[in-house]
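Below, chain A partners chain B and then partners chain C, in two separate complexes.
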Partner chain A sequence: MFVEVLPGGGPAASPVQAVAGRAAAARHPLARRLVPYLYILPAVVLLVLWTYWPLLQNVGLSFQDWNLIPTRPRVFVGTEKYAKVLSLPELRQALMNTVVYIGAFLLISVALPLVFALLSRSVQGRARTFYQALIFVPFLVTPVASSAVWRWLFAPDSGTIPAIAAALGHPMGDVFRDPDGSMTSVIVIVGWQMLGFGVLVIAAGLAGINPDYAAAAALDGARRRQILWRITVPLLSPSLVFLSLMTILLSAQWTYPIIDLVTQGGPGNSSTNIYYLLYQFGFRNFDAGLSAAAGVLFFVGFGLVALLFVELSERLSFHDN
Partner chain B sequence: MGRLVLNQLSRSFKDVKAVDGISLEVQDGDFLVLLGPSGCGKTTLLRMIAGLLEPTSGTLELDGADITTAPSRRRDLAMVFQSYALYPHLSVAKNLAFPLTIRGMPRKDIAARVAQVAEMVEIGHLLDRKPKELSGGQRQRVAVARALVREPKAFLMDEPLSNLDAKLRTATRQELAALHRRLGATFIYVTHDQVEAMTMATRIALLKDGRLEQYGTPAELYDAPASVFAAGFMGSPAMNLMDARLASSNGSVTVMAPQLEAVLWPGATPERDVVLGIRPEHLVLHAAGSVAAAPTTGAALRGTVELTENLGREQLIHCRVGEHRLTATCPREQRWEEGAAVVLSAPASRLHLFDRESGRRLEWLEETAGLPLSTHQNLPA
Partner chain C sequence: MSTPTATRRRAFTWAPTRTYVQAAVILIWCLLPFYWMIVTAFRDVGYTFDPTPFFTHVTFDNFATVFDESLGNHFARNLLNSLIVAGLTTVISLLVGVFAAYALARLKFRFKEMVLGFVLGASMFPGVALITPLFQLFTNLGWMGSYQALIIPSISFSLPLAVYTLTSFFREMPWELEEAARIDGCTQGQAFRKIILPLAAPATFTTAILTFIGAWNEFLIANQLSSDATKTVTVAIASFAGAQPHQEPYTAVMAAGTVVTIPLVILVLIFQKKIVAGLTAGAVK
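And then the complex of A and B:
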């Protein structure tokens, strides 16, 4: 007679105990299901309190006419404020300016850092860290302080930059009062600050790329330029997409304090951007509804851009292993 | 063609000599395995051959041309990386096509060649996938296929099997060896695994601390290790090594140590400190006091059984002999109790002798010029 041999020779272990344990765990199914939500509760409360509730209030405000004085009534005006915002010539100017700012910053805080980070690869060891730190430091300077310094540098009578320009035979007046120069000066100041951030992000991206890829491509016969364009840059694209997204979404915010401190959007509206305009609607002209309506429109617009980039970065994400 | 000559190739990192004056010739069609423990410089040597690292000194020739300073892309070598280095943003088909696209081959020819190679390594069904969608074994195949796609002068492989599980490694090992036979191309293969080296190589370069320890066929390395290090590195369980003294008595060459007597062959030699090596499979166990325990030539070692290990196919008997612990393999039918007094014997022809100071192998030469024993420098010609 054949007898089947069990592992270990003894009878199989009873499954009863395991079932009993499971039953105990299932005693409070509701409590168990609640636990994960309790973990995220503090974050949710803060987000609702500081972000989503004000956002909703802002949407409500955009349908009302109100001059920010608490004793004055809020009057429901429907979509009137939206119609007004869209017809304002200032808005068109501010939007155009914002697009120019974004374009300039894409160049300064994405394209230029790419070049810098790639070039700094040929600097070895500590010198590279030092070099990258040097580029990054301006990012840590508060905009107020750097604006003050740049204002001195650009001061028409005693500033260093006009003095150098004059010595070179190109005398320049007060750039901040010059309709053609004011925007450029804002771009220079903000770009100087943001460049380091871009270099940091791209250098981190480059450091995350396994050097074997470049080595493999070299053995496969690729020249340095081919390796750069066919291997390194595609592998860097998640970092580039992230940086581009940050630049597009945040450049209006980065420029805001500099505009406020250096040009106040002027002369005329030549250096303003959408956020500065929004601030002026609300807190200079005391038209809360108009400001809120503009805010809602920008929120929707930037939201769409963000969605597009998130989709793009999902497609570009590779597992580097 | 793929004949590679390394001449006094060295590479230092700051004060550390990673590769120290290595010279060897790789003939066209050889499967050379660079073998050694981690940190022995084998990967550094391979990367110098690949052109990924510049040598500090020495020269490198491929088919007669000096390629010491030639960039990687001009060397016409293909490499399989330990990480496989499959371009993660490209599909398998595009990974395979990459070396051909770079060379500007017409699209039609590329597609045909890719299909041909994919079929050769059985990855035809994976061509549309991205590397992240492949298993470890599939990635390894794609990496090999990418090397195969453009018929280079030699294939360089840096531990390509180390990321595979044991079973897949054995299967892939056989496939790589078969691939080498079919292509007849030069392979240079880095590994720390002596089994891979023994099974695949036509030649092994054994490295230690950046220096060439022995260069020869797998059989030469196993049967006649050129140094104590080579003797201890090749073979599992490792060769038994013990300090002894070489002498002559009654017209015979003898090796003596506590609990050890060995009569080698007729002759005379000045006394000398040596290391005696005996492979576990060449030791035969006898019960102490039995007739067979007193051989007239060869080595006899007296000891006690300390531990027996059942490996399934055979058993390992670990014995205490003097201050050394020796391992013998024997059939499982034999029963050896722990603590039993035994005599281990080995024929004279299976004994390996090494100079204790230099660690180099000693070979017996029939008396010619009065120097009966010479340090055998098993270095490349």
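And then the complex of A and C:
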């Protein structure tokens, strides 16, 4: 993903600049070396103040017993909350569900869009612009509204989908109250929303691939399948990596409102995930320490997964430079 | 994509038909729930579950309900709140993000990998866990019920994604032009303003739209940290009061959903070409 484009790196190292950087050279060399840091400073300051500082406070909270009411005292309880989180019976289920959710979303927002984008590659011109804009529409529907649409579609007795199912001879109950169906329904709803984004990113990636490569390969006798797997997909790898990471990062934000408004994690935690469990710890049970401890564990675990992923993608990405 | 005709000959006659059938199936799947939302938004509340798949019992009552203050709905205010929160989140994230991404994609400095890890790491932390400490912090600062109590956490979430997206875009841009400008005597700052900013505009624009969509649709933070005065549309829809008590106000919720979604759809339809251009210029070369 983040592979240096030029072997010599940025302008700071380029010979061109050493000779011709008149204005820059006139200034103090230290000032020039500071420039990159000035560029990143605002972002770093914002993140330190509003993400990392609260994160640290969260670490503090995780060693305390507190019920979120400002006037109530906070009691230091050591690692008790961590022990409690790790021994929670819901944790295993929530973790497993999170893995299934992310796996399903990778399939829906990376693999499926790849197939769709390849299939619709020959839609060209105006039709293509229109098609891509329309496929993007579900991504724009606010999850709060889409959860209402899907609840309406799946409403037992009167909803459209149960009515069609009954007409076809497969009567169905309330999927959101069905332990075997609740998670699938959340996946369907979130997947519906995320699909368009994937198609758009991959279609743009396909449009950016130089057709000469495929043409050259075809002249050399390559079959379409070979061109697809040996040329198109490797050249698409930056898009695929970008989408995968976005999917993993966004899945939290996307599943939370749907789970909260459609299944509340139920029935019996069958559709909960780690984010929703955290929310329930903190706000439903009024146990800030427990929620904080879960958050810290989550950060460490997820951070490691993400680091691994970034590391992997650096190696797997193929760049057309 | 132009594939040489030699490889296409076999599929010549029926391939386009197949393509369009496939495209149509995908579109129906994507648009049908959206279409239902609009049909139901315009349908009389007494016919909420009428399965007729086209506009029947058309009424604007649901939209009136959405904006009806006597029912306790303050949707106009909610829309303004969302616009303020999502707008400022986008402007600040982009302003700060463009500089950081430029340095990360283009300049050489020590600890670059660390900074990148630091920025991306910020998005690994679940928003849910951030809310408790932020809640405390804002209470101490007397910020609860203010816009900054919503904008700041929203930036915490969108900034890492904006930096990541912009960095991916900037890595793939034709930077030779910058070097050419420097040879002609531009300073690094001038090269950035005069050459790089116009070049980076489509990618920046795309990131801005994605950031705006994310912030506009944000629910978790707003649900916990907003007050009656700063309530955003998503929170308002989730706790909507319909025209008839004791019944889930599906038609009003869908009317509200339509009001919230249509501006985004129009935005995307207008700028669709720019968005694709931005994506093509960037992550996805």
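Simple rule for what comes next: the second predicted complex is superposed on the first by the 271 of 321 C-alpha atoms of A that agree within 3 Å, B and C clash if a C-alpha of one lies under 4 Å from a C-alpha of the other, contacts with A are read in each partner's own complex, and residues count from 1 in each chain.
Note that contacts are C-beta pairs under 8 Å (C-beta built on N, C-alpha and C of every residue); 3 or more make two chains touch, one makes a residue touch a chain.
All values derive from a computational prediction rather than experimental measurement.
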{"item": "Between chain B and chain C, more extensive residue contact with chain A", "value": "C"}
{"item": "Touching partner for A:L249 - first (chain B), second (chain C), both, neither", "value": "second"}
{"item": "Which of chain B and chain C A:A288 touches, first, second, both or neither", "value": "second"}
{"item": "Which of chain B and chain C A:A306 touches, first, second, both or neither", "value": "second"}
{"item": "First (chain B), second (chain C), both or neither touched by A:G221", "value": "first"}
{"item": "Touching partner for A:Y213 - first (chain B), second (chain C), both, neither", "value": "first"}
{"item": "Touched partner set for A:I231, first chain B, second chain C, both or neither", "value": "first"}
{"item": "First (chain B), second (chain C), both or neither touched by A:A204", "value": "second"}
{"item": "Footprint overlap on chain A, comparing chain B with chain C", "value": "215, 218-219, 223, 320"}
{"item": "Touching residues (chain side chain B, partner chain A) in the complex", "value": "50-52, 71-73, 75, 77-79, 81, 83, 85, 87-89, 98-99, 102-103, 130-132, 146, 150, 156"}
{"item": "Footprint of chain C on chain A - complex, ascending", "value": "1-3, 5-6, 9-14, 16-17, 20-24, 33, 35-37, 39-40, 42-44, 46-47, 50-52, 54-55, 57-58, 61, 68, 70, 116, 119-123, 129, 131-146, 148-153, 155, 158-160, 163, 192, 195-196, 199-209, 211, 214-215, 218-219, 223-224, 227, 236, 238-239, 242, 245-246, 249-250, 252-253, 256-257, 260-261, 274-275, 278-279, 282-283, 288, 291-292, 294-296, 298-299, 302-303, 306-307, 310, 320"}
{"item": "Complex contacts: residues of chain A adjacent to chain B", "value": "210, 212-213, 215-223, 226, 230-231, 234-235, 237, 316, 318-321"}
{"item": "Residue ranges of chain C touching chain A (in the complex, touch as defined)", "value": "1-4, 6-7, 15-16, 19-20, 22-23, 26-27, 29-31, 33-34, 36-37, 40, 48-49, 51, 95-97, 99-100, 102-104, 106-109, 115-137, 139, 152-153, 155-157, 159-161, 163-165, 167-168, 171-172, 175, 178-179, 182-183, 185-188, 213-214, 216-220, 224, 233-234, 237-238, 248, 250, 253-254, 256-258, 260-261, 264-265, 268-269, 272-273, 275-276, 279-281, 283-285"}
